[in-house]
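Scroll down for the structure; my scribbles are underneath it.
In this document, chain identifiers A, B, C, D and E correspond to the written order of the chains, with residue numbering beginning at 1 in each.
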Amino acid sequence: MSDTPLKQPAPALNPRAAAKLEGLPIIIVFFVLIGLFVGFAPTVFLHWPIYNSFLVTIPPMMILSLGLTLVIAAGEIDLSFPAVIALSGFLFAHVTRTYDAPWLGLLAAIAGGALIGVVNGFLIAVIGIPSIIITIGTSFFWSGIATVLSGGMSYTLERLTGTAINGILSGTVLGIPSEAFWALGVAVVVWFILNRHRFGEHLLFIGDSREVARVVGINTLRERIKLFTLMGALGGFAAVLLTLENLSYFPTQGQGMLLSALAAVFIGGTSVFGGTATVVGSFFGALIIGMLDAGIVATGVAGFWVEVIVGLVFVAAVVLHIGIDDPARIRQLQRRLFSKA
Amino acid sequence: MADTNPNRTYEHIVRADKLSVAFGKVRALSDIDLAIGRNEIVGLIGDNGAGKSTLIKTLTGVIPPTSGHLFIRDQPVDWANFSVRRAHDLRFETVYQEKSLGEKQPLWRNFFVGRQITNRFGFIKVREQRRIANEILQRQLGFRGVGIDADSTVAKLSGGERQGIAIGRAMHFDADLIILDEPTTALAIKEVQKVLDFVRRIKASGRAAIYIEHNLAHVHALADRLVVLDRGRIVANIRPADMSLADLTLFLIDLQKTKIGAAA
Amino acid sequence: APSSDKLGAGLTMYFQMGGSPGDGSTLPREIGAKDAAKALGIKLIEQYSNWQPETMVTQFRQALAAKPDCIEIMGHPGNKPFMPLVAEAEKQGIVVTAGNVPLPKLEDLYRANGFGYAGTYLFKGGETTAAAMIKAGNLKKGDVALEYGVFAEGIRGLSDKGLAHGLKKAGLKVYTLNISDQVNADPALAVPIMVAFIERHPDIKAIGTQQGLVTSFIPQALKEAGKKPGQITVGGIDLAPATIAGLKSNYITVTLNQQLYLQGFLPVMQCVLTKKFGLEGMNTNTAAGTDSGAMVEKMLPLIKKGIY
Amino acid sequence: MSDTPLKQPAPALNPRAAAKLEGLPIIIVFFVLIGLFVGFAPTVFLHWPIYNSFLVTIPPMMILSLGLTLVIAAGEIDLSFPAVIALSGFLFAHVTRTYDAPWLGLLAAIAGGALIGVVNGFLIAVIGIPSIIITIGTSFFWSGIATVLSGGMSYTLERLTGTAINGILSGTVLGIPSEAFWALGVAVVVWFILNRHRFGEHLLFIGDSREVARVVGINTLRERIKLFTLMGALGGFAAVLLTLENLSYFPTQGQGMLLSALAAVFIGGTSVFGGTATVVGSFFGALIIGMLDAGIVATGVAGFWVEVIVGLVFVAAVVLHIGIDDPARIRQLQRRLFSKA
Amino acid sequence: MADTNPNRTYEHIVRADKLSVAFGKVRALSDIDLAIGRNEIVGLIGDNGAGKSTLIKTLTGVIPPTSGHLFIRDQPVDWANFSVRRAHDLRFETVYQEKSLGEKQPLWRNFFVGRQITNRFGFIKVREQRRIANEILQRQLGFRGVGIDADSTVAKLSGGERQGIAIGRAMHFDADLIILDEPTTALAIKEVQKVLDFVRRIKASGRAAIYIEHNLAHVHALADRLVVLDRGRIVANIRPADMSLADLTLFLIDLQKTKIGAAA
């Protein structure tokens, strides 16, 4: 038999997989956006302060997105994190003011978030209620509890000015807001959990197919309870950062983050269907979502048009992302449109 | 908890006692009594839907039974603590018929999931896993050419390639009982030969196997004993030496005719 | 005309509008600010926070980063979170002024640099509404009243607390209900809730709220609960179209007129006057009192243009 | 061979499937809730007005839920319907006021919604962007457009009082609000589409597995574009009902419906994963979600506790639903908890 | 658009001309030339991953090719208008190897999806579909006892039962070309016999078939011609009459050895 067929391209290792940097498409989209903003609003985007403000305001939302990335990797969803932001923020503010013990407050906030997570995890994994519906329910409950406890009052935490906790969680290091370092730290940890730890691998298999996960010996109940607990704890931590950043607790805090934190994950390229997820994508997704509004306002777009332009840029970014990620799809599309003509 | 230390001596690697499984009103298994010796290759045969897969899923902790007892290495099993994980620890290895591979995951994860090589903090030694996976792929499974390596995801593999991966995984983890649920399904001839060789090696190395297969020629040639399941019950225990392949085929076809007659 | 001959030519101002574009208690402020900007030739950049205090702070940071000439902030987050940020702005020579909710401490500190205030005094505004209700509806001691407000929203809830306080002080038995996030976003959902409450308390004499759009849905709830105009004394806020209709049909008794247009116009003026002439901050209470159906009638043409 | 094994229970037809009324569990939950409300608030729930007000306010949200049921059956999601409510509501109000042609306005509203749907469908099916992310983007865009077009102004449509359109879409028939009949009509049509029409079957297969759908010869592109168009058109219709009901248009209308309409679908028992859906479930789900708040207020709960109780009842309803739907799960749970002890 | 009227006379039911398919950099098919006569049973054999499934997916409109032409009933096919639907209309019927059943859907939907029996408004005649489905289940497939009827969902079926459903579907819709991709996979003996009978009936009724199968005994006995695929190319065209089963087996094993030698 001739051996010509053997010469057909059959690369021993997939060279693209190796060369492919995780999240590269979204990173490109991010820099294209920055480029556009610099082009349209150089007075704002060529100076440090706007970046400084992003580095202060984006971290809490980013930490939520990172946690959500794990949740979505496992094929689940969590819509209760705004309630965690409200309740844990209150716990932090309350403990800080009542016992003058901000570190204890931090603990209380994280524990409170974790508690919400445990309850969610129990209802989802053990009782078997789909996460998308039950976390709406628990979200009502816990944000109700937060309002009852706080009486709907705002609290200021001025007393924390100059304290260690404020310096460490929300000061500056080399002129860069420390929140940014915390968010980066969480991102690195979450990346390692997802890509290098047994727990993360279990989440990926659970998200891929719960049946397969069971068959290969993964305790899908325990892992999912752990997952929601972790998500809750991260929410608690984000709540403290948010509260410290403003040195005040607002009872409505976190409400506006529901869509943005989710959008950050999905724009980053994580699939809704579970089984795959990109932490780098969520990281840059959070940056993009966090700066979109302010960037467009800075370019001088007027009032009512801001939302329209945000929508346009958002859609364009997603399409660009798809285009870079999978050029074949675009070619196929061209072919299809062309063949119709 | 039973003393199921793998190193004890024992008569039966696994023994089921009046095992029954029901899915709602469907009784998939009724009062199964089955014992597998230390070094016995048992062929499990029967019609589609007879309950073969359900039986081995129960033996390996995937499905909890409705009633009945299980003994592993002659020690009773506590159902509350029995799980796939526990079966792995007890050195049971299974190739399930339905998909048991994470479609979107790379092969190096699929080989080791549930039994990752980790450091003491639970972090996976990716390079090591990847290296071993590549070795299994190239040496044991002989995947050449087509561009499949440890980083390929299962979704890209052809039907036969997937089956090969699942078998490779079972071959790699040394076990005392190996359960194969239609392992040659969709495999090309040479691959089929490898699987049959593998089953022979199980026997030679002194271990036990349960082998489910519709190709009677294969089981008849390999098994020490054939167990015939019919609609959830064991209806025959046959030594291949006592019955030729042709007779066995006739026997099974007759069995089905009886059923049709009885059902009518 | 070239804007260069206008007083505010070359100036840029960031302006916190409060809710979302087009929300009834934001629009007149926006129109006022735009009109002033046009008249004075100043470049206006609007920010919307959906009434979220932390977003207001975030957006102030972003405004600061753009180094404009002036920034208008809203007082909802309170003095404390703004303190260091305003100090930073003042250091850079940016004129900061406040609206909608007062920030007295900052006003004290920076009045000389043009820190002014244009808006209501929330608690007092609520009390004013309560007083008008008591007068118009002859409410007496022991009468049952519902105050349906955004109590869970920190400072923004102060107007509702003021209203409740005003009614309680007059000896009424006041129930409070909190406006949930869903209702806040979609006030039509308030209707069955109010119907349920009225049915539960058939002897109810008064309903108060300081949420603009919920105000506009009270007439519908009253109709569905089988109440006649005037049977229940209703005190609300703002002049959404349906509120005006309610005032005309007498389902709504009084409404607090915050004169949101002024809350938009005045801060822009403040900015220009301070930047050009160094004038100090002015403090204007834009909500001196309530309107009734008769008064609204003659304002109608203006209201239709969003000037109220 | 003995023929005893043949005597084992092997029902020729699954009697449960036949006897099982679609959505029975959620119907039971609904009546349990009504029972509770009557028990705790007889003065309110034994009289007509509260039901009348439900029948007026629930229909728009219910129509959205019914459309979403189809979308979710196909394994997709649509988060842009609040934007449809805003834009279509504006179109209706604008055409009605400018040309004094409310029926034309109705048409414009439905066409506007359908247009949004076509754009969504194109981006999702042809470009291949996941629906959860792209509908967030288009939602910004279109609600921005609505604000720009309306100039942020609210409109009253008092002039429609007593007109035919008002009577037909939002009057009363035999003392029952006509909205209720329209919602019921949409429910019946959607039920037939999903369960009896070719299009619905295609949606179910697409939701089950897009790969399988392609292989059995379903045009997954065209069907998904049709799906989103239908969803948009239903949103347009809901917008008109809402605007007529209030006899006024305000640009933020629909924003509060995002979570409620989704919750109605999921509480009704439709799975997030696509491939199965229950229209009856969504119907009763919408009723439950629509009456929860008011029902709890009627029982005399006041102040900040309302939200807490809403959360509790919500979670309890979901757990009850699961329990009725699949008693085996509860038994299994008992066994598991018991065996641990 | 080609005149592909099924009632015209023609020489080849389907003919591929230099057909190539690539997935990214993986070339699954290279320059395939293949013609199937009006009443020819062609057995397609080859290693796992050789490209057999890809070839039939291209012939039936599931995968568009990267290059090449296709002729159906001697008429060229316009790729832009070719689809699974179109292939159905052209009376091609396929049992795919991978799952082609909607897991969560009842069997009566699975039988008719894509070709529902509807009234003129597109509403499905559920009772009729259900009746026919039950008939197929009971008569043709002989599903008795286990409680499977037209309302059962696929998710509950055993592996073999699923395969049976897919074949039953293809058997019901009368076609001129029937393509079977490893149809006996996971079937019990009696079921396997039925499939082989079915293939024989295809031949007898004057229609054509492409039959992919790893069990050489089956294809060798049934096919008029065997086409051997190897890594995306056709490497042999064999008439079973010219080569015994044993020789065929040796030939294929040799082929694989050559590859290994060349790859090393």
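The rule is short, and it goes like this: a contact is a pair of C-beta atoms (placed from the backbone, for glycine too) under 8 Å apart; a residue touches a chain by one contact, two chains touch by 3 or more.
Which chain is which protein? Per UniProt: A, D = Monosaccharide ABC transporter membrane protein, CUT2 family; B, E = Monosaccharide ABC transporter ATP-binding protein, CUT2 family.
This structure is a prediction, so every number in the text was calculated from the model and none was measured.
Trainee: Please report the minimal path length, in steps, between chain C and chain E on the chain touch graph.
Mentor: 2
Trainee: Looking at CA centres, what chain is most distant from chain B?
Mentor: That would be chain C.
Trainee: When the centre of a chain is set as the mean of its C-alpha atoms, what distance in Å lies between chain D and chain E?
Mentor: 41
Trainee: Determine the centre-to-centre distance between chain B and chain D, using the mean Cα coordinates as centres, and give it in whole Å.
Mentor: Those two chain centres are 46 Å apart.
Trainee: Let me have the rounded angstrom distance from the C-alpha centre of chain B over to the C-alpha centre of chain E, please.
Mentor: The separation of the two C-alpha centroids amounts to 29 Å.
Trainee: Between chain C and chain D, tell me the centre distance in angstrom, where each centre is the average of that chain's C-alpha atoms.
Mentor: Spacing between the chain centres: roughly 34 Å.
Trainee: What are the residues of chain A that contact at least two other chains?
Mentor: 6, 10-11, 14, 147, 152, 304, 306-307, in rising order.
Trainee: At least two other chains touched by the same residue of chain B: list those residues.
Mentor: Where chain B meets two or more other chains at a single residue, that happens at 25-26, 98, 145-147, 231, 259, 263.
Trainee: Can you list every residue of chain C that touches 2 or more other chains, as numbers and ranges?
Mentor: Touching at least two other chains: 21-22, 30, 151-152, 178, 181.
Trainee: Using the touch definition from the top, list the residues of chain A that touch chain B in their complex.
Mentor: 6, 10-14, 17-18, 192, 196-199, 201-202, 204-205, 208-209, 211-219, 275-276
Trainee: Given the complex with chain C, which residues does chain A contribute to the contact?
Mentor: So the residues of chain A touching chain C come out as 41, 43-44, 47, 49-53, 56-57, 147, 152-154, 156, 158, 242, 245-248, 250-253, 255-256, 294, 297-298, 300, 302-304, 306-307.
Trainee: Give the list of chain D residues in touch with chain A in this complex.
Mentor: Touching chain A from chain D are residues 77, 123, 126-130, 132-134, 136-145, 147-148, 151-152, 259, 262-263, 266-267, 271-272, 304-312, 314-315, 318-319, 322, 326, 329, 333, 336.
Trainee: Which part of chain B faces chain A closely enough to touch in the complex?
Mentor: Going through chain B, the ones touching chain A are 62, 83-85, 87-88, 96, 98-105, 109, 113-116, 118, 121-124, 126, 145-147, 149, 151-152.
Trainee: Over in the complex, which chain C residues touch chain D? Could you list them?
Mentor: 20-24, 26-27, 30, 151-152, 175-178, 180-189, 191-193, 195-197, 199-200, 202, 213, 216-217, 220-221, 224-226, 240-242, 244-245, 306
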